[in-house]
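The same chain A turns up in both complexes below, where it pairs with chain B and then with chain C.
Let's turn to the complex of A and B:
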């Protein structure tokens, strides 16, 4: 009896140990990801957040300044001008990109040699930006550019594409559109390929025309992909740096100094605390804008 | 695997490691900046390996040859010479401390912004002080410490189209003041109605650098020696008023330096007068086609009769980062390049890249500036003109005592932009000066 009791007690104890203890192997397997994530994502975010409350310039000890950086930015016309510039570029780029990409994707859906077209569409995305920027500068030169020559042949006045605030924004937006629309088309083609063809066949039998099929079948069924395209477009525009940097240098009169370019200036000016606060504000704003876009498209999907 | 640990222990360990690692990593470098290099180091026989950053392009190739002359002298030294977009990369590298080079070539205008990350070279430079152009010594001195080895001097000159000017009957020798230049531009336009003879700079950064050349020529700067803001002052007002007159009389071509409009209008005779740094000479040599050989250079006109005929525009120096692994060796290299005849002759003299020598600037080391012993040859692109003599003469007239504020680069967003607004007629000279002064005071200098 005593032996039985002892054995039971031992088993219970062993069971408790098994419940309390876990094998190491699974943790070792996930450890590489956790470590990489901690080193390259979690830590930089944490450090940036910490920096945003300091006036660190890259040398010397950190000095906490509380919310001073945030106060400075939120009351700075420069910050709001950069946000407004990104906002205007968003309006110029994202709706046009969605419309263009959707139109091209639908046109290509059943096209022969789709692979060739897809490769052609992705080409601008992989072309070195600096080379394209130089082409853009030559094309859009006010006095000697091909674009103004074309306008003049049509009897239209020359436009200061790179020398006026409005013209420069349009020029940068066109470059972004040219570079990124192909990528959006590829995404939408993938979305379109998930729509079963019998849905269209049924609609055709019911007498639905091409426009009706597009509006009532295609658009609702690719809404999720469209949401993704909008979010990617929003992220691209608010992080936009290289295009205005190489084409306009942020000018004229800081008219193309985007949120990304303004953020970069803090870094090159060694204002790292201010830069970190700026990036935190940017994250919040992009997050809000992306969520609003998704919600807008979802509500359309639901309805 | 039979080893077992409790979940709590695992998380506790991981948490402790993360916190310890995080805190350690979060602590930024304790660099206080401006460590001094010992002056005795120069006596040791140099050996070891260093990494040196230079700009990409032709200048890199020129420095490559010059570095070869150093390693030929000191075979125990290996120099990793790297071409880098320094302006974009150096500030962040100095801050992060990762991959810091032992030495780098850097814009004078941006130097003060990174000064806390650089070695104090005062002790080493002391022996050469009296032989350095006063202007240049001023720009490499920050808070009383020499933070860079001064390299080039870039005097402003007046470049002009000799063919057009002579056809219009303008006597270049008579352009002694900027008012004379305005009159000459009117004369050229009477003869060639399509001409908008005077260059107006359309780039925010270069525009500000250009304005500083005009101010320096009159002994002015954005700040006084005591750091007080002096942008709202006569030197800038004179220059802006003159430029506004050029704009309002349609005597100027607004163009970005070396961009399509600039090159086309210089080639087709629209632009005839370009007051610019010596490095403008790069354009007729490498970029202009129809007008190559038709450009000439002379001293800048003075702002007032009898005033200085030169100001300085731009320039670069060699910096040694505080986190350099082998700073003493970097100093030895730069000492060779800048202060030895063999070094500066290798750079400015005839070489494979520039058979006639490098002529876009002149050394700031005064013993090298002998008008009778030119380092580079007369230029075909300037119709065989001896630019060396013109530049050396101008270099001697560059006023000293110039101070570059630490926020010079940041001021482009205000002063640089406002100058552009003046050039398109959106602001008056007074508005530019008062607005810029107020913006700089508020955003860059804090409350007065």
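Let's turn to the complex of A and C:
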């Protein structure tokens, strides 16, 4: 928003001439965006809000049930299990991702062949998720998967990656981590590139070691990008759908039924009013988590 | 310090690429080899059987055709609408601009899953379930694209546009013959990101389409995995794994080609997300 006001004031003089005419052109240029947004985002959101107060199942008139859907969800073990599953996946993915991505980005910053490494790191992010999910199913199979083959070659016991609750969560988390860490590296690399190198030179002259430089220069100066990485990671994990849908189908015993998959269950059950209420709770959750991560990291930046 | 750095980067790069390489190599092995010796590489055993049986059992051509239709049309609309809106936000003042731009910023934070149910209902009201319209129109605009195009267009000097106005160029003319050519690098990056997003899209297609004629490639692949999990494999299930890997490899090839050719643009696009966000 700051850039918006800035841009407006600096260009106010230039616009004064134009402003006397009725501005038709800008409306024509934003019209497609506005129309698509109104038809396929704004209208559906208000519709979802309305639906969330009904017990609609897909046919017939809307019957208002007040807060019943919300009350049902907030007292339902299934709902809380789905939230907890997403929470566990968040814990498995986001901290590891921040650590890994920051380490790799710092190593990459002054490395040669940066283009080659960046390309290799972001390749998982571009390959079709569904295709890689298939690969995961095969790699992590308990009896015949390559991962357990590798473990047994090391003399370790086979693990039920897809057949135990903990194993399935870890398997899904590994897929998410594998796919999105390269993306976070590239984001952080962009953030790191804005730090002038003379800051490091000055620190080196002052005798600061690599570790000290990392904590007192690099980390504080990329806090903004770090918070962006955390927000994106949070949005990704709480919207997680395709990975558990394809790899585990939410199982075993709902161990990987994320908030996104639980929401989908309402669609397949035709519990659309309930599903709409679930959507609204998910929005609140995601917004709260994003804002909390931003605040947490911002307060660190200020201190 | 130095060897540690390159060791770390090489390890990270290998971990990134290993599953992709494993997929491609294993898709060329007989099903029994994928299971008994997943790490072996014996050139004399390599075969195209998996690809042949996959072509017989999965209508993958239809999947590709449907994905191509959606990528081309939806991609074209996104690539047109984003710079248009970005131009209006960057270079004009008009009543309602602040509200509209705030809307763009809010949309960036909105989980797409929220729209799933109401959009599905809207599609059924319109009679659009299992149609290309349903796959193309709801995502024909991208808030990030609008936001980013605005940033790119802000950098164009006003003098350039005003000079064209003095010469009598209309606003549309200014957009098509000055703005669009100048922002070509940004547009290219948006194009790669858009292509990859639409090609890989899964959640909305799986909800919006119930018939095989309109199934995109990704939905088709996931249906295959569902069959495996639900155990409808029959006796020859090792060959199903081979087919699955063959189909996954084929599905990954177009996007990997685009990526290898245009990765510089893609990385620029991703970086723009962090610097401008």
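Going forward, the second predicted complex is superposed on the first by the 265 of 303 C-alpha atoms of A that agree within 3 Å, B and C clash if a C-alpha of one lies under 4 Å from a C-alpha of the other, contacts with A are read in each partner's own complex, and residues count from 1 in each chain.
In this section, a residue touches a chain if its C-beta (ideal position, glycine included) is under 8 Å from a C-beta of that chain, and two chains touch if they have at least 3 such contacts.
Bear in mind the structure is a predicted one, so any value in this text is a computation, not a measurement.
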Let me test your reading of the model: by the given contact rule, A:282 touches which partner, first (chain B), second (chain C), both or neither? second
Regarding the shared-chain residue A:138, is it in contact with chain B (first), chain C (second), both, or neither? both
Who does A:74 touch here: chain B (first), chain C (second), both, or neither? neither
In the superposed arrangement, which partner chain does A:47 touch: chain B (first), chain C (second), both, or neither? both
Touching partner for A:99 - first (chain B), second (chain C), both, neither: neither
Just chain B (first), just chain C (second), both, or neither: which does A:84 touch? neither
According to the stated criteria, A:272 is in contact with first (chain B), second (chain C), both, or neither; which is it? both
Between chain B and chain C, which makes contact with more of the residues in chain A? C
One more residue to check, A:25. First (chain B), second (chain C), both or neither? both
Looking at the overlay, does A:166 come into contact with chain B only (first), chain C only (second), both, or neither? neither
Doubly contacted chain A residues - partners chain C and chain B: 23, 25, 27, 43, 47, 58, 137-138, 144-145, 249, 267, 272
Please output the residues of chain C touching chain A within their complex, sorted ascending. 1, 5-6, 8-9, 12-13, 15-17, 19-20, 22-23, 26, 34-39, 77, 80-82, 84-85, 87-90, 92-94, 97-98, 100-105, 107, 109-122, 137-141, 146, 154, 158, 162, 171-172, 175, 196, 199-200, 202-203, 206-207, 217-219, 221-222, 224-226, 228-229, 241, 244-245, 247-249, 251-252, 255-256, 259-260, 263-264, 266-267, 270-275, 277
Show me the residue ranges of chain A that touch chain B in the complex, using the header's touch definition. 20-25, 27, 38, 43, 46-47, 50, 56-62, 76, 78, 137-138, 141-145, 163, 249-254, 257, 265, 267-270, 272
Which of the residues in chain A come into contact with chain C in the complex? 1, 3-4, 7-8, 11-12, 14-15, 18-19, 23, 25-30, 32-34, 36-37, 39-41, 43-45, 47-48, 51, 58, 100, 103-104, 107-108, 111, 115-124, 126-139, 144-146, 149-150, 178, 182-183, 186-191, 194, 210, 225, 228, 235, 238-239, 241-242, 245-246, 249, 260, 263-264, 266-267, 272, 275-276, 279-280, 282-283, 286-287, 290
Show me the residue ranges of chain B that touch chain A in the complex, using the header's touch definition. 1, 3-7, 10, 18, 22, 25-33, 87-88, 91-92, 94-95, 113-114, 116-117, 202-205, 254, 259-261, 264-265, 409-410, 413, 417, 420-421, 424, 443
